[in-house]
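So, here come the structures, one by one.
Below are two complexes that have chain A in common, paired first with chain B and then with chain C.
And now, the complex of A and B:
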């Protein structure tokens, strides 16, 4: 067993906290991420992480907890993106870009002020790349409540959300307010991003959001199955990443081990690549002229119905 | 303000603004803001890696931004473009995080790569910027008709024998080239701002592509110059000013576009009434 688990892995307090937080984050990210991929909002999801960075560095400057900053930043940024332009895919792209650019500039300023004023180093590193092993276990209740709230909101709006993602016209005809649904979803996205920012760092947090969801959508047939698969993939990836990072310290005693986020993202990326191999698709019954995979819609059909006849 | 190390900053800033204005026009036209964000960020990992093994960061930047461009281009054939872009970006960033965790130089290095250090540009850095900038602008010139047709009317372009996938690939490589030269100067996060803000603002002012490209270059130049001057005065990072001014320009553009729309609508209405 020692070959797999370095001594002290199970008895270490930080590792236990990391496993709990990582697992929760992975579940929330997987559920929110499935909708994000179906709605083709990967860019917005990623942009929110950078906006969250702004919030995180601002919170550092004010002496607040980073989680508050990540989530506040995400909520403000997401609201701004949703307000500026949502009519067409391309103008949404530009709106996201503009918010992202302005937020990046602000975080440059905040991080610079952090570095010059507080005299404590490591702010950039901590905010951008995060460290799941250093999270205080007292934040666990907050994270549990936030995760539950996010999942609850998504559970309530999931039908109108899905309908508006597949066909905006149909949803509007049914009397669904696209703006309210879009805004609520952005809020869920912001919380999910804030949670994962604190565990694997804000630059990499959308990896957990997009990766498992995209992989799951490629190999399953229904949205519900995809969500379950994404949760399983996300949680196992996160735990494997934590394990590998813990073990990596002992691989080469001279170095200081590799970051958790590196392992998580590497596994996520490899899983996505593997899910595209034809034999994996064959295993899941996807080969041949069946219905197209939810996540495998070619780029050119993006503006058409993203789900096709699948739901 | 115009002496010593600032001279280099003005020169490099001007070149970067011109290149970002030209390349950025197509970024906005094609709706490829995400790749334009992903490639410089991925390139950042290359610089971190080059730092670790002790070679010229420019080589690391070049290799990684090309890898990112080719990765996005080839993988998006089989999956969703935005998902693929996101995943390639994360893989590059994760490598960057791994490289950084192994290196001994921390804070200032990361900060300057992400947010740029235009005020500390040495004269030796100018030549590669000029060369790569020229290459990207010339490449855009050569590809101009093809890119235009492919972006606006993809079906017609395909009918004329322009392969959409090859055009995408060529554009991504141009983007990688423009990125490589600019990351060490303005930082991975800010070259993106310059490629989106000014062109998006310029497109609000005019519908003609040639004028829009010129306008986007002019706005990018004004943004960079104003940012340099403010940064020199206030002693805050250049990146903050570039981001803020770009957003302001875009805001002005949107307000102008709305005003023009209502004016046109009014003119149409009044002429319709006079005819009745």
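And now, the complex of A and C:
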């Protein structure tokens, strides 16, 4: 096993913190991401990452924790987008674009000030690309509470959210408030983006949000199965990324190891490509009959997990 | 006296100064099958949205079972005109039907066995059992209509509204859907208000017709409404009603501007 797990991997404090935070982030991202893809709100998700960047870089400037900034930025930006955009897809799109542009401009200012005041480029690297190994373990309780609260809210609204995601018209005709459901979902999305911002960086957080969910939606037959599959894919991808990044120090002893974010995003991308292969898609049985397609996922999942890779 | 299932009373709607509905009034009684007939753009969808309380009329009111509707939960079922269901979303036909039962409910909780059986029964009733586990987005137009009808009916409404359910269907599917709606509606004792731009497919099943043109409506049985005197008054110029081989044609006289005669493009009779 030595060739896979470098000495000290399991006893390292930062690795354990990273595994816990990464795992929780992946689960929240997968669940929120599944709804995001179904609602065709990937663009809003991406825009939130830009707003989170603004929050994170602003927090750094004020000496607050990046997590506070990421979440605050996302919640304010997400709220603004949902309030500006009415239920029509086009104006929602435009509202998203407007908020995105303004936020990115502010980020440019904040990141510039961060870099000049702290006389280092560390802030920019940390905010944009994450630094899961340097997260203080004291933030774990906060992250646990945020994750649990987000999953709870989504659980409570899942039926109205689902119908309004599939067809706003059907939901409105049943007396579901699209505004309330949309706003609550946007808040959940903001938290998910904030969590993955501290793990893999604000501009990469879309990858963890959309990637596992989109992959799972391709190969499953029901949304419940898709969500479970997305969680499994997300968690194993994140853990494998952490493992590879930890190991990468030994590949080139002169370096400090390669970034976790790179590995996670690369695996997410490869899995998505693999799910497009016709034989994998065939397992999902697009039309009636046949066995549930979830069977396709654990097999692939095993390959992506550290143990599977060791065989 | 039992309140009508639906009471539309003096409804006016205008969009930026253009009158769409002008004092529209009619009633639907329990279990009646009603066709809302008018050509494209006469305000059929607007009228349905007013009934659903998705659009507030400038004047007039709508009552469902004698009360103003709030929310549209149990007493109304609705099948919209265009539901674009993405084939990439793993929502099975049975999932969508089940959401008709509990989509308004917040909170957790799995569906009970009785609820799952009701979903199966509903899918069976609309002849959708064979594709119950297929993704809704991959189904044909006629198949999707069946699933949407089951979704609308499963909550046990008193009134089912359908917006142009026959548009974009091939002639055989049109007949199938009309027969199915008639059967399901009488089995479940549901009143139906169905909008269409073509009345002929509905003639065998319609108890009542609401004929909509130029913002005004005439309602009654087909024999009462589809007559030259009534329709000429409604259009504001003379139209003829031809009955041929059990079909009805509404024809404007030559030269008259009849932009919204349903059933067919303006016909000139020489």
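Operating definition for what follows: the second predicted complex is superposed on the first by the 276 of 311 C-alpha atoms of A that agree within 3 Å, B and C clash if a C-alpha of one lies under 4 Å from a C-alpha of the other, contacts with A are read in each partner's own complex, and residues count from 1 in each chain.
The rule is short, and it goes like this: a residue touches a chain if its C-beta (ideal position, glycine included) is under 8 Å from a C-beta of that chain, and two chains touch if they have at least 3 such contacts.
These numbers were taken from a predicted model, which means no experiment stands behind them.
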Partner chain in contact with A:112 - chain B first, chain C second, else both or neither: first
Touching partner for A:201 - first (chain B), second (chain C), both, neither: first
Contacts of A:262 with chain B and chain C, given as first, second, both or neither: first
Chain A: partner with more touched residues, chain B or chain C: B
Contacts of A:97 with chain B and chain C, given as first, second, both or neither: first
First (chain B), second (chain C), both or neither touched by A:155: second
Touched partner set for A:226, first chain B, second chain C, both or neither: second
Partner chain in contact with A:218 - chain B first, chain C second, else both or neither: both
Chain B and chain C footprints on chain A, overlapping residues: 40, 218
Footprint of chain B on chain A - complex, ascending: 37, 40, 42-43, 45-47, 50, 89-90, 93-94, 96-98, 100-106, 108-109, 111-112, 115, 121-122, 124-125, 128-129, 201, 203-204, 206-207, 210-211, 214, 218, 255-259, 261-262, 264-266, 268-269, 272, 276, 295-300, 302
Residues of chain A defined as touching chain C within the complex: 38, 40, 155-157, 159-160, 162-163, 166-167, 169-176, 217-218, 220-223, 225-226, 284, 286-289
Residue ranges of chain B touching chain A (in the complex, touch as defined): 28, 31-34, 36-37, 41, 76, 78-83, 85-87, 89-91, 93-95, 97-98, 100-102, 106-107, 110-111, 114-115, 154, 187, 189-190, 192-193, 196-197, 200, 236-237, 239-244, 246-247, 250
Residue ranges of chain C in contact with chain A within the complex: 52, 54, 70-73, 76, 78, 80, 83-92, 95-96, 99, 102-108, 130-135, 138, 148, 151
